[in-house]
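Structure provided below as C-alpha cells; questions to follow.
A, B, C and D are the chain letters, set down in written order, and residue numbers restart from 1 in every chain.
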Amino acid sequence: MKFGVVVFPGSNCDADCLHAIKVVTGQPVEYIWHKSGSVDGFDCIVLPGGFSYGDYLRCGAVARFSPVMTPVIDFAQRGGLLLGICNGFQILTEAGLLPGALHRNKNLQFLCHDTHLRIENNQTPFTSLATAGQVIRVPIAHGEGNYYADTATIQQLEENKQVLFRYCDPQGEITPAANPNGSVNNIAGICNRQGNVLGMMPHPERCAEDILGNTNGQLIFQSLLQQWQRRCG
Amino acid sequence: MFQAKIYVTLRKSVLDPQGGVVRKSLYAMGYQNVPEVRIGRYMVVDLEVADQDAAAKQVRDMCDKLLVNPVIEDYTFELVEV
Amino acid sequence: MFQAKIYVTLRKSVLDPQGGVVRKSLYAMGYQNVPEVRIGRYMVVDLEVADQDAAAKQVRDMCDKLLVNPVIEDYTFELVEV
Amino acid sequence: MTLEPQIWREMGLTDDEYERIVTILGRQPNYVEVGIFAVMWSEHCSYKTSRPALKTLPTEGPAILQGPGENAGIVDIGDGQAVVFKIESHNHPSAIEPYQGAATGVGGILRDIFTMGARPIAVLDSLRFGELNSPRVRYLFDGVVAGISGYGNCIGVPTVGGEVYFADSYEDNCLVNVMCVGLIDQKDIKKGVASGVGNPVMVVGAKTGRDGIHGATFASEELSEAAAERRPAVQVGDPFMEKLLLEACLEVIKTGYVVGIQDMGAAGLTSSSCEMASRAGTGLEMDLALVPRREEGMTPYELMLSESQERMLLVVQQGTEEKVTEIFAKWDLDSVVVGQVTADGLLRLKEGDKVVAEIPAKALTDEAPVYHRPTEKPAYLAEVQDYPVDALTMPDDYNEVLLKLLASPNIASKEYVYQQYDHMVGLNTVVRPGSDAAVLRVKDTNKGIAMTTDCNGRYCYLNPKTGAAIAVAEAARNLVCSGAKPLAVTNCLNFGNPEKPEVMWTIWQCVEGMAEACRNLETPVTGGNVSLYNETKGNAIYPTPTIGMVGLVEDLNKVCTQGFKQEGDVIFLLGENLPELGGSEYLKIHFGLEQGNAPVLNLELEKKVQQLVLAEIKSGLIQSAHDCAEGGLAVALAECCMAGNLGADITMVRRFRGDALLFGESQSRIIISINQEHSVELVKKMVEAGVPYTQLGKVAGDSLLLNVVNPGCSGCGGNLLNLPVAKLAETWRGAIPCLMQ
C-alpha cells in the first residue's frame, strides 16, 4: 500500500505524517509537491496539518486552488482513500469534498492539548479496527476548528453516520465541557457519503509512538492498512 | 481602473464569537447601549478593467471562488472608478 | 437607534501579508489584472443612541479605545439610522 | 557639505562619536553614512556599554563548538550532531504593539538559528509583565502570547517552554525574550562571513519596505512620549514567508553553494553586510537600486536602515547564482544579486553608478566605541535587604496560604499560555511544557535535548549578584530534574538605563554572579543579547538576566518528570532548608513585601545535589524529581502531587519558623520520589556524596498532608497542611484564566 503526503508550501505536519505512517504501517510513503499535476500510483493520500499558504484569508481557502488539488479531487471522486488532518480537513471543506466549514474557535484562541474522541462509526476504512463507541485520546492544535454546517446538513451527516469522531470526556460522554472549540454536536471528524474521504481536526500522527507517551493514533493508520490489505491483498 | 470595496460578514445563523467578545468588552468599558457587534472582513481590491460591468462580474467571480466562503459568509461590494 | 459601519485598514506603510497572499493567489487563478489587494476589518455596531452627533462621538471613542489599533490601523465609519 | 549637529544627535550619536567618525573616514560623512554609523554604534547593535562586562563571562568548554560572536552558539551533542541556540529580546516593540512585537521577535530568533544551517526544533519564551489587575497589562499579556502563538504555530516550530512573571516594575516595560533551539549535522554549519573576493552577494526573501527604520536606535533609548513621535513604522510578521525562507535556505545550504549567510535583523541590510565583511576581513560593494522593494521612492538611507522582516543576505560561490535563484524560485521567493565581495575592506554602497556611501566595514563593528560607564551601588539595597522578619506574625492557617500562593499568577499553572502554543509539532516533544524542563528527542538516536529558561527578577533586584547566579543554578537544576546533563548557556540581559551608575552597577553584579555560577556548574556562555533602557518615567525594571540553558539526555528511556508516580514511593528532599524568607512569593502575597535578601546560594552544595540527582535518574533509581522554586517546599510538593494526581503524607521536624520552612525559597533543593525498596541504597549514596537530605514521607492517598513535630517544644507541632489534590489543582489551574476573564 503506497501512501502520499501532500506538501503545500506552508504545511508543517507533512514530515510528521510521513514519519508516523512509516513507523506505524511500514508501508512506502512519499511526499507529493503542491505543484504536482498527478497523484498516480498512490493508494491513500494525506493532506497534512499546517498553514498551507499562511492561511491568512481563511484556512485552506488558497490551498484549494493549488495545482495538486485537481488530481486529488479526481482521486477522491474515483473512491481513493483521502485523509485530511487539521488544515487538511479545512482544505477538504473549502474544496467541497466534505460539507460544512471550520471557523474560529469559540474562545478565539489557538488550542493545543489532548482531547478525548468517541469513535461513532467503525464501519469505515479509517476506523475499522475500533470497537463501537471506543474512546481514544488524541491531541488537537488549531485556531479554527469550530465545525459548522446548517441544520439540514448536520441532520444528513448524522443520519448517514458520517460523523466519525466526537469530542467527549474521558468516560465517553458527549458534554459541552468536552467540546474544545464550539463545534456543532461536538463534531471532531466527518467522512463523505461514500466513506473514502475523512476530515478530522485532531492529530492522530502525534500520538502514534510510545516515546511520545500515547499510541492511540495508530488505530487510524492500522485500520487503513488492514482495509486495504483485505481488499487488495 | 476600478477599485472594489468588498464587505464580508458572517451569515446571520453563524455565531460570531469575536463580535460577542467585543460587545462584552464595550459593555465593561461603560458602553451599555450596544446590543450587537458583528465582525467581518473589508477588502480593497484594485482592478485593471475598463468598464464597470466587467469589473462587477470579475469581483463576483473572485468572491464566489476564493474571497468568500458561502457556507458561513455573505458579501456585498461597491465599485469606484479610480 | 443607529448602526455604525466601521472600516478598518492597515496604515499605508505597514506590511499586509494577507493581502499579498490573496493577490498572488488571484494571479495564479488567472486574475492577472489585480495589482493590489489590501485586507482589513469590517465591523457593524448597533447603538442605542438618540441623535447622530452623540452616535458619532461614541463610535470615535470606541474606535480609539478598543476597536482599532492606532499603531498599525486607520479607520473610517458611516452611520445609518435604523 | 557638513551636516547640522541636530541630525546626528537625533539619530542617537553623541558629538564625540561624530568626531570619531570624522577621524575614521578622514572626511565629513554624508547623511547615509551617518545613519549607518548611528545604527551600528547604537547600544543595541554595538554593545558599547555592556561589552566590557560580557568579556568576563566564561565561554569555553569541551562541548562548545561556537561561542559568542556568531549568529548563535553551538554545542556538540555527539554523533557528529550539534545544537544551535540563542535567546533574544523584543521588549520595546512588544510594549508598543504586543502582537506584532512578539511575533517578529520569534521570527528574528528563528532566522538566527537557520542562518547557521540548523533546523529550528523548539522555541521557548521568557515573559515579564506588570500585575494582571491592570487592563493594559492584560492587553499586553494576551497580545504577546497571541503573537508568539501566531508566528510559531504557523511556521511549525513547537514552543515547548518558557516562563511568565508578573511584577509592577514591568508595568510599562514588558519583557519578551525568545529562545530558539536548532539541530544540525556539524558538517553543515554555516557562518556569517563574506569571504572570497568576487563572490556575489544576494538579497533573498521579503521585499524591503519602510518598516522599522531606526528600530535599533529606538531599542536603545527609554520609552517616552517624545520617543513615540519618532517611532518607526511597526514591523508586521509574515510567518508564511518565513516558512518559505526557512525551507529554501536549508535547501540551498545543503548544496554547498553558500559561502556565508546572515539574517537581516536589527539594522537590516546595514548590520548584515558590514558584519559579514568584517568577520571575513573583506569588503562588500552593493548597488541598492537592485534591492527588491515594496514601496516606491525609497532612498538609499531607507533601504539600508529598513528592518523589514523575513530577509537574508547570502554570499555564494561565483557561478552558482542561477542555481541558487532556482531553489528560491521553487519556494516562490525573490533572490537578487546586489553586489560582490571586494578586497578593500570597504562597505561601498551605490545607487546605479553613483557611490552613496563608503565606510571601512570594521569601523562599524570592531571600532565601535566602548564605554566604561561609572558604577555605584544603589542606595535602595540596604533599605530593602534589611527587613524585620521576626516582627512578622506567622499565619494561623497554612492551608489558606498555600492556596493563595498557588493562585498567585507567578506560581499558578501557565497552561493558559502554553496551550495557545503548538508544543507538539515535529513529533519530538517527549516532555511537554508543565514540567521543570522540556525534553525533545533527537530522531534516529536514543538522545534527547532538554531546555529551559529561568530568572527571578525579584532576587536580582534584592541582590543582583546572587540573583543572577541563582538563575543559572535554577536552570541547571531544572535540566537535571529532567535527566539531562547541563551543557551551555545563552542569556538575555534586560536592564534599565545604563547611564545611571546604579543600573550599571547591577549589570556588573549580575554578570559577575552569572559568570561565577557558569564556571562552577561548567556551563559556558555561548552568546546572548542585551536589552537596556527598559525604563519609563525614571523607573527601571527589575534587573532581569534571563538564562536559557540546554542539556543532553543520553538515554531517552531515562527521562524524568516532576509528578509523583506511585503510591508508597518514598519522598526525599535533597539539600538544606534554611530559615530564609527574603524575596519569597510568600512575603509578597501574604505581607505585600518585596524585601529581604535573595536566598543564599552555595554553588558547591548545588553541584553536589545536581550530580547525585542526575546520576540516580540515569541509574533508574529516581521515579520523579522536582526542584523547589517560587513558593518553596509546600508549593513544590503540591506541584509533584498535581502532576502525578497523587497525594503525599509528609512529616517534618520543625527547627525554625513554620512559614520559612514551608514557603521559604532556599536554593539547591530537589524533591525526589523513589521506590521503597531502593530507599536504603539511595540513602547510602547520599551519605557517601555528602548530600544533605531529609526523608519527608510517602506518596499516599489523594491529599497533601504535612505534619510537623518539634522535639524541643510541646504544642509547636501538629498538622499544617491538609488539602485534597483536586482542590490544589483547581486553584492552581483556574487562577490565570479567572484573572483574564
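Everything below uses one rule, namely that a residue touches a chain if its C-beta (ideal position, glycine included) is under 8 Å from a C-beta of that chain, and two chains touch if they have at least 3 such contacts.
All of these numbers come straight from a predicted model, not from anything done at the bench.
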Checklist outcome for this item: Set A-B beside A-D; more C-beta pairs touch across A-D
Checklist outcome for this item: subunit B to subunit D, mean C-alpha position gap in Å, rounds to 41
Checklist entry - What is the distance in Å between the mean C-alpha positions of subunit A and subunit B? => result 30
Item to check | Mean-CA-position distance for subunit C and subunit B (Å) | outcome: 9
Item to check | Distance between chain centroids, defined by C-alpha means - subunit A, subunit D (Å) | outcome: 36
Checklist outcome for this item: Where subunit C touches two or more other chains simultaneously, the residues are 17, 21-22, 25, 29, 39
Checklist outcome for this item: In subunit A, the residues touching two or more other chains are 53-54, 56-57, 62, 65
Item to check | Multi-chain contact residues (two or more partners), subunit D | outcome: 238, 240-241, 332
Next on the checklist: If we use the touch criterion from the header, which chain pairs count as touching?
Outcome noted: A-B, A-C, A-D, B-C, C-D
Item to check | Complex contacts: residues of subunit A adjacent to subunit D | outcome: 9-10, 12-13, 15-16, 19-20, 49-51, 53-56, 109-113, 139, 141, 143, 203, 205-206, 209, 211-213
Item to check | For the subunit A and subunit C complex, residues of the former touching the latter | outcome: 53-54, 56-57, 62, 65
Item to check | Of all residues in subunit D, those that touch subunit C in their complex | outcome: 96-97, 100, 206, 209-211, 233-238, 240-241, 294-295, 308-309, 332
Next on the checklist: List the residues on subunit B that touch subunit A in their complex, please.
Outcome noted: 10, 13-15, 17-18, 21, 65-67, 69, 71-72
Item to check | Contact set on subunit C toward subunit A in their complex | outcome: 17-18, 21-22, 25, 28-29, 39
